[in-house]
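One structure is given below, represented as structure tokens, and several questions about it will come after.
Should a chain be cited, it is by its letter among A, B, C and D, assigned in written order, with residues numbered from 1 in that chain.
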Amino acid sequence: MGAKKKQAEMIEEISGVNPLKCMKCGKCSATCPSYNEMDIKPHQFVSYVINEDVESLVNSKSLWKCLSCFACVERCPRDVKPGKLIDAARQMVVRKREQNYLTPDEIPELLDPELPQQLLVSAFRRYRR
Amino acid sequence: MQRIGVFVCHCGSNIAATVDVAKVAEMALMEPGVVHAEDYQYMCSEAGQAKIADAIHEKKLSGIVVCSCSPRMHEATFRKAAERAGLNPYMVEIANIREHCSWIHKDMEEATKKAVILMRAAVAKVNLNTPLKPGESRVTKRALIIGGGIAGIQTALDIADAGYEVDIVEKTPSIGGRMSQLDKTFPTLDCSACILTPKMVEASAHEKINIYTYSEVEKVSGFVGDFTVDIRKKARSVDMDKCTGCGVCQEKCPSKKAPSEFNRGLNTRSAIYTPFAQAIPNVPVIDREACIKFKTGKCGICSKVCQAGAIDYEQKDEIITEKYGAIVVATGFDTINLDKYDEYAYSQSKDVITSLELERVMNAAGPTHGHLERLSDGKAPKEMVFIQCVGSRCSDDRGKPYCSKICCMYTAKHAMLIRDKYPDVNVTVFYIDVRTPGKNFDEFYRRAVEQYGVNYIKGQVGKVIPQPNGKLLVQGSDLLDNKQILKEADMVVLATAIEPNPDVRKIATMLTASIDTNNFLTEAHAKLRPVESPTAGIFLSGVCQGPKDIPETVAQAGAAAVKAIGLLAKDKLMTNPCTAHSDELLCNGCSTCENVCPYGAITYEDKEVNDHGIREVRRLAVVNSALCQGCGACTVACPSGAMDLQGFSNRQIIAEVDAICR
Amino acid sequence: MKYSYYPGCTLRTKAKELDDYARASAKALGFELEEIEDWQCCGGVYPLGTDEIANKLSCVRALNAAKEKGQELVTVCSACHHVMKRVNDDMRNVEDICTRANNYMELDEPYKGETDVLHFLEVLRDKVGFDELKKKVVNPLKGKKIGAYYGCLLLRPGKILAFDDPENPKIMEDFIRAVGAEPVIYPYRNECCGGYISLKEKDMAKSMCDKITESAEGFGADMLITACPLCMYNLNKSSVREIPVVYFTEILAEALGVKESCCKEEKEVQA
Amino acid sequence: MSIEKKEFKPKIVAFCCNWCSYAGADLAGSSRLSYPADVKIIRVPCSCRVNPMFILRAFEKGADGVIMCGCHPGDCHYSTGNYYARRRMTLLFSMLDYIGVENGRTRVEWVSAAEGVKFSDTMNSFVEKIYSLGENVRLGDLRCRS
């Protein structure tokens, strides 16, 4: 099996999403609050996986712009869950060594006195292994 | 001992590609009773049937097994072939080696093994078959149509024109159905009422058609050719014979707050009402929930103003029992409830409406007298947005998995009509696909785009956001431009999915007609018997069978009528001979079978029997084979083993079990 | 009535008042929140990967602790509620996760999702009842126009959280009515505030929060209530608008007349 | 045939009512939705025609699993047949365990004429279950075995 195919299958496995269920209606992109910040748009996640171009997906900005707010998951008429796909791509990055999107060194300057623990905890979960 | 012939069909390559048919035939010769076996390319062809006939004559066969497609497909064909060759048709058994074998297995060895086992089971069964003779039953020459929309009306007219009596049962106070609520129809833009009302008048004036409005089917018993149906005529509180239809009662009725069903709840009606001006019959009903007289005992104004003295507060529901030979279901559709789709803000804004509601808004008899206006403030809209596939093509449990089929076309119609009448209104349509297969359909849609400048955007809408200024912000995708669009609109129209009328489940249960997971009635064969239910004597007309537009509905209504006429034209029907019968010597008279029989086909009689020389009178079960439908419930319930089912006897089924487990 | 209570990390620290008001209100309403011993942080976000087990164990421990006591598990924080309910759903319905989690835990009796998870609002709606709550209000918040801010965590995915209609919820509106104020319905109440993104992408969070507060103010809200410390932080910190945002428990305590005593105790303890 | 380990090929009997589940099986076939060839279908007019005796007979003759399919409750072609069948099977299955046939070897499923997918899914999962249970040795008459 080619490396590309393997990566695509890994995304499908981690996310538990079957991208072939997508009917390309674009409701995910219509509903996404981070749409304008993303380079690869939510409805495109599916075709990147189908076309086995996980490389582009894991290098995209979109990885770090998804809020995991599940609007796309809730409103998708085909139960595709694009939000889970992009999270799987993010997992593939942060599970590699030295690929964290957030390092402890960055923290002090990001802190402010009112900042709730929840924010740090959540960010660590999403950005790091 | 039987002399059995086994005929193995190749079905072209459908069977032969995965099953070694010659091997099946070869193995058949080793089975007890088998004296002849052969395989042939198409057993159902004339040449194939001739081979069967020849073998019956030459080898003096007493039973045959055809290894072929499903018995639901060609059992009748082969039984007829056998009958022509002088064999009792019930000496034929089918081994289903296509649908249950060759089509689902890929490995030739495995599939052949299975085909052999299925053949063995059929041979084992036919060894125990006995010749059966069907009985006869009569046909009541009268048809019942459930539902008085365009489908029901058309079917009724066609059957009545052929000379048979027809009753239409309609739940609401008037016939007309959904079509009466439409303003214009695609693709010719005919006025819906203008083409429907003549049909309604024709039906009501037809001497062979009898219409029960404000009535529902309550109970159905019997079977093809001889159904007995109870119809509940709900109390109208108005004497249909006396009422002249002058309408004064409706004008004077002080209770005017009930939501109008006809206008989809967009405005209100009086408690005594006819749903719309052209209603047939033109006799109002009193909505007892809304009527002040019924609620408080005081009022009675309608009675005072009625010069004909037609108001009758004491009227009661009436049950009418009638016999029918055929029943046609024409229960139609409704739009789905949008509670689960509130991202489109349907419940949050009055200016988000369904397409059916827009029909009422655009109609001269509608809540806005045909003026296109916002229902919140009555202002004329400048920007209109249409959203397609709301609840259609959804595989989650919020909506329907199917395409509602009519929405693409009626949206093009709405867009076109609005652009035509109000050229300053911009119309945008968010679509996933535009589906226009139909005569002059794509041309119609292209006209909307090219001639009327309707803006079609490929992409679904994610959210409709009501603004404090009363406008609606539509957040959608433009997939071709790869943009997220925010569009301010004055009105949003949702192409809401259609679903079968919710009552259809109840009706299907009464009729024992099959229904699919979406509550559409199942046809006997998807391609070849599209207007018949698998239940004999039940026919399907209109959307109750699947989404359809008006021309298709009318065509199917005609087809259902032809099928019903074909049945009514017969004087006698052959009954299924696979009925239960009781062994008098084994029956202990316990009545268990009588209690489980859904058809009342079993009665008990005192009969004299000769039990090994002892003559005595015993209480015994007797099956009326004209009533018995052959389900077999009694055979299992019988504690003494006296009751058995012809064609599916205990010994036959056990022989099949043994053959499979051998 | 006693419930197992899972406060979560932020209610122990930055969002202490959310917790204090909840406990005081519970007392006033006649039920008790019994804090689970040695609970651990839920992680703040639900691990979406189907292969993640370790991240879910802290929740399973808390859920199992409640099971052993035979109590329902109550949370106040939206995030804890979200993670807890989804992990519980996994334990109930995803055989693989359930087996693997139990293999780690080595419990006397395997945990299979027996505990019911309730948000404090659900306790108010389903156990106490809003009509009953209304009767206990001594200090109705008359004339206040309050917008409920649900955010995303309370509602979605609707099928698993089964909290309310994810597109047109009404539990918080009913709550607002019960405490005597007037709810303001605005379309952005179930759109995301930006969540954890506000740590590194402040502008993004800001634009989202602005949309929410603008919409709420546009529809006439004087104040927003929320059940999530992170939503509260983002709405207060990121939005240019000055509409006050408070925890729902605060207005509850106020309406029940226990707000003052609650703060007093707090101060006494501090002093 | 050698006496060495024979690959386990279960014998599975499926009783299908003519109106719904047999038609569902036909639909599975025409839709090419595969399921293992171990399943052999016997057509009966209605699930209420299935005598518990037939199921016992199957086990006695060496069946490893028996599944009965009928119309969905409320949709029976004969109105009430599947209700009788459901009650009879509930009773029978509760006793099968007692005579040594595990619960998993019998199943009742409702499959409509339109549910080809459900038919094939049901058969696949049932066969998988039977494979996991292995050969039915407890009721079969060992003298009949080769």
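Please note the rule applied: a residue touches a chain if its C-beta (ideal position, glycine included) is under 8 Å from a C-beta of that chain, and two chains touch if they have at least 3 such contacts.
The model shown is predicted, which means the values in this text are computed figures rather than measured ones.
In terms of C-beta pairs in contact, A-C outnumbers the other of A-C and B-C. Distance between subunit A and subunit C, defined via averaged C-alpha coordinates, is recorded as 25 Å.
Mean C-alpha position of subunit A lies 45 Å from that of subunit D.
Subunit B and subunit C have Cα centroids separated by 48 Å.
Shared interface positions of subunit A, defined as residues touching 2 or more other chains, are 71.
Subunit C has residues 167, 191 in contact with two or more other chains. Listed for subunit B are residues 343, 463, each touching two or more other chains.
Inter-chain contacts occur between A-B, A-C, B-C, B-D. Residue ranges on subunit C touching subunit B, taken from their complex, read 159, 165, 167-168, 185, 187-188, 191, 215, 218-220.
Interface residues of subunit B facing subunit D in the complex, by the touch rule stated above, are 70-73, 96, 98-101, 103-107, 110-111, 113-114, 117-118, 121, 508-509, 512, 514-517, 522, 534-535, 578, 596, 598, 629-633, 635-637, 645, 648, 650, 653-654, 656-658, 660-662. Across the interface of their complex, subunit A is touched by residues 343, 389, 393-396, 398-399, 432, 458-463, 475-477, 479, 482, 484 of subunit B.
Every residue of subunit B that touches subunit C in the complex is listed here, in rising order: 339-343, 345, 347-348, 397, 463, 465-468.
Those residues of subunit A that touch subunit C in the shared complex are 13-16, 33-34, 37, 64-65, 67-71, 73-74, 83-84, 87-88, 91, 101-102, 110, 112, 114-123, 125-127.
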